[in-house]
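The block underneath contains the structure these notes are about, expressed in structure tokens.
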Amino acid sequence: MPSWSNGKRYNARPDPMIIIVTGGTFDKEYNELAGKLFFKKTHLHEMLELGRCGLNVRVKTLMMIDSLHMTSRDRKRILDECIKSAEKQIVITHGTDTMVETAQVLGRKIKGKTVVLTGAMVPYKFGSSDGMFNLGSALSFAQSLPSGVYIAMNGKCFRWNTVKKNKSKGEFEES
Amino acid sequence: MPSWSNGKRYNARPDPMIIIVTGGTFDKEYNELAGKLFFKKTHLHEMLELGRCGLNVRVKTLMMIDSLHMTSRDRKRILDECIKSAEKQIVITHGTDTMVETAQVLGRKIKGKTVVLTGAMVPYKFGSSDGMFNLGSALSFAQSLPSGVYIAMNGKCFRWNTVKKNKSKGEFEES
Amino acid sequence: MPSWSNGKRYNARPDPMIIIVTGGTFDKEYNELAGKLFFKKTHLHEMLELGRCGLNVRVKTLMMIDSLHMTSRDRKRILDECIKSAEKQIVITHGTDTMVETAQVLGRKIKGKTVVLTGAMVPYKFGSSDGMFNLGSALSFAQSLPSGVYIAMNGKCFRWNTVKKNKSKGEFEES
Amino acid sequence: MPSWSNGKRYNARPDPMIIIVTGGTFDKEYNELAGKLFFKKTHLHEMLELGRCGLNVRVKTLMMIDSLHMTSRDRKRILDECIKSAEKQIVITHGTDTMVETAQVLGRKIKGKTVVLTGAMVPYKFGSSDGMFNLGSALSFAQSLPSGVYIAMNGKCFRWNTVKKNKSKGEFEES
């Protein structure tokens, strides 16, 4: 919770945050020679700059995978990264297809940290993307929600154990 | 606070929200005939659609002013709108130049509602804008922060009485 | 040739032009539910408006195909459309993969018209696209080149029988 | 004229081209600290890259001025630059407000070169710009029109002595 809840000024000890990048539509690009979508480097730094983000946040690229291709081993790596990170406020960029699965793996194990997963339905690089909106949303929820694991999509936040993706609408809902 | 804090499911009674539009750089456009910046209609609807925002939110355009030209009468109108609105979660889009002044007018008077002011350093219509990021941020803080008046800029939130705009950096800071 | 070459003022009898749309990367979009590229309606009208194009030009969508999937029957349809059109200045938007093949089918048969094929390496809808540049280029070449069939890509124009696509570079060259 | 008109292959001796940058809306940017439009460096290189332009073209920034502020001395500098350049195909990016004036200064004096002036109604950096379209158009006209001075705007080309800007429409027309 923001530190004024106990009388302290917010910026006295700014909480460090981490964004763990795992890929997903968020970071996909168009390969014009092959005519396909693919991953290069993350665009998170460019996006934080565009948002004029002044938070004390570091970005770590853990993997760049379409979440349809994630294995339990990949999700375990994400879990381990969350557990070992010094930061107590974590945002994870992730493909939307299996974001709920990863949220469940994390939700059962992580204590004492606020973890918010987010993604995008349209690649950031394509223009009409929800990426910037979701990034601002996730970073804000990560600062203000109590410890726990959440998904931030469509402007809302959902607890890890009461959310599902409505694949026909391309939206997240309470389950 | 999200309603699960007391055992209720989040979506059982989704809190309606309102975005009060007052103008600012957020909504400026380029008038190619005159070669100047000016206001037409708000882009908020387009932005909420771009963000695939699923919140129960209505948009009300109260005025379209550069905040450098705001008078105390304008700020009183914003205050009155906040007080009379049924919604308890309010986002206000506002020019950054005198956002702090308006926040102070609101902060002294508003009770029982979470009000978050936000804006943009670059017009949404210009491409490399922080508008979408700030909108996602503000809507999220409005759902999760306790009652009070806040400014959401640069990914952070500030209480209305401990914030100032650093004009040389173009950023908001704790005062 | 522009009509001043024989003393007439250019705009006295503005030559009508036609843009025949056949698809290609030019008009592809991102389907966020399926995570794939696909065709909806052409964006040509929007692009002509964006370019503030004042030409007397009509747009006809003949087909929306990835040129890798074009058959000789499709190319015959394009040829027939060129032959029957009243306009003597024709631009054809086309996938770059088999643009040369179609140019050859047209080049052998069309007389008395200036036909310019163009396309894009990145979909117009994706932001960092060459679409607008190529459209302006093709429309200009169509007005100023003598009768014949050409490809306009990379800012250059090539005759239909002396051009090839360099697939590793994603550029067109003299053959 | 393209060199095939006399039997030579186009690319055997690719004609070098020059783009002379003088500023105008084409290159304006938004200064977020001051909330005003201003000039930094030209975006021409970025635009040529975006268009995947393969021409043998160099870019020279002569000045960065709003054409409303141009003096006869500025126009004389542009004229001198055209005369002394080795290239016989010249594109000049220029503000649209007094583009006709500059075209007249050049038209009376320049022989043996194809000079095409172009600009934009909306800054390239603002997104919904005609800049890329006009650049593709001008570069193409510069390669295919006979010697002379022209304006390329709205997809059309006009001779220097039969054109005017319709200020209420923001378009160029035959005079």
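The letters A, B, C and D name the chains in turn, as written, and every chain counts its residues from 1.
In this text, a contact is a pair of C-beta atoms (placed from the backbone, for glycine too) under 8 Å apart; a residue touches a chain by one contact, two chains touch by 3 or more.
What you see is a predicted model; the values in this text were computed from it and never measured.
Where touching is counted per the definition, subunit B and subunit D have no chain in common. Touching subunit A and subunit C at once is no chain at all. At the interface between subunit C and subunit D, two copies of one sequence, more than half of the residue numbers in use are shared by both copies. Averaging C-alpha coordinates per chain and comparing to subunit B, the farthest chain turns out to be C.
Subunit C and subunit D, compared by their mean Cα positions, are separated by 23 Å. With centres taken as mean Cα positions, subunit D sits 45 Å from subunit A.
Residue positions 121, 128, 170 of subunit A each touch two or more of the other chains. A ring topology is adopted by the chain contact network, closed into one cycle in which each chain touches exactly two others.
Per the contact rule defined earlier, chains pair up in contact as A-B, A-C, B-D, C-D.
Subunit A contributes residues 2, 4-5, 9-11, 47-48, 50-55, 57, 121, 128-130, 132-141, 143-146, 152-159, 162, 170-174 to its touches with subunit B in the complex. Of all the residues in subunit A, the ones that touch subunit C in their complex are 25, 30, 32-33, 35, 37, 66, 97, 121-123, 125-128, 167-168, 170.
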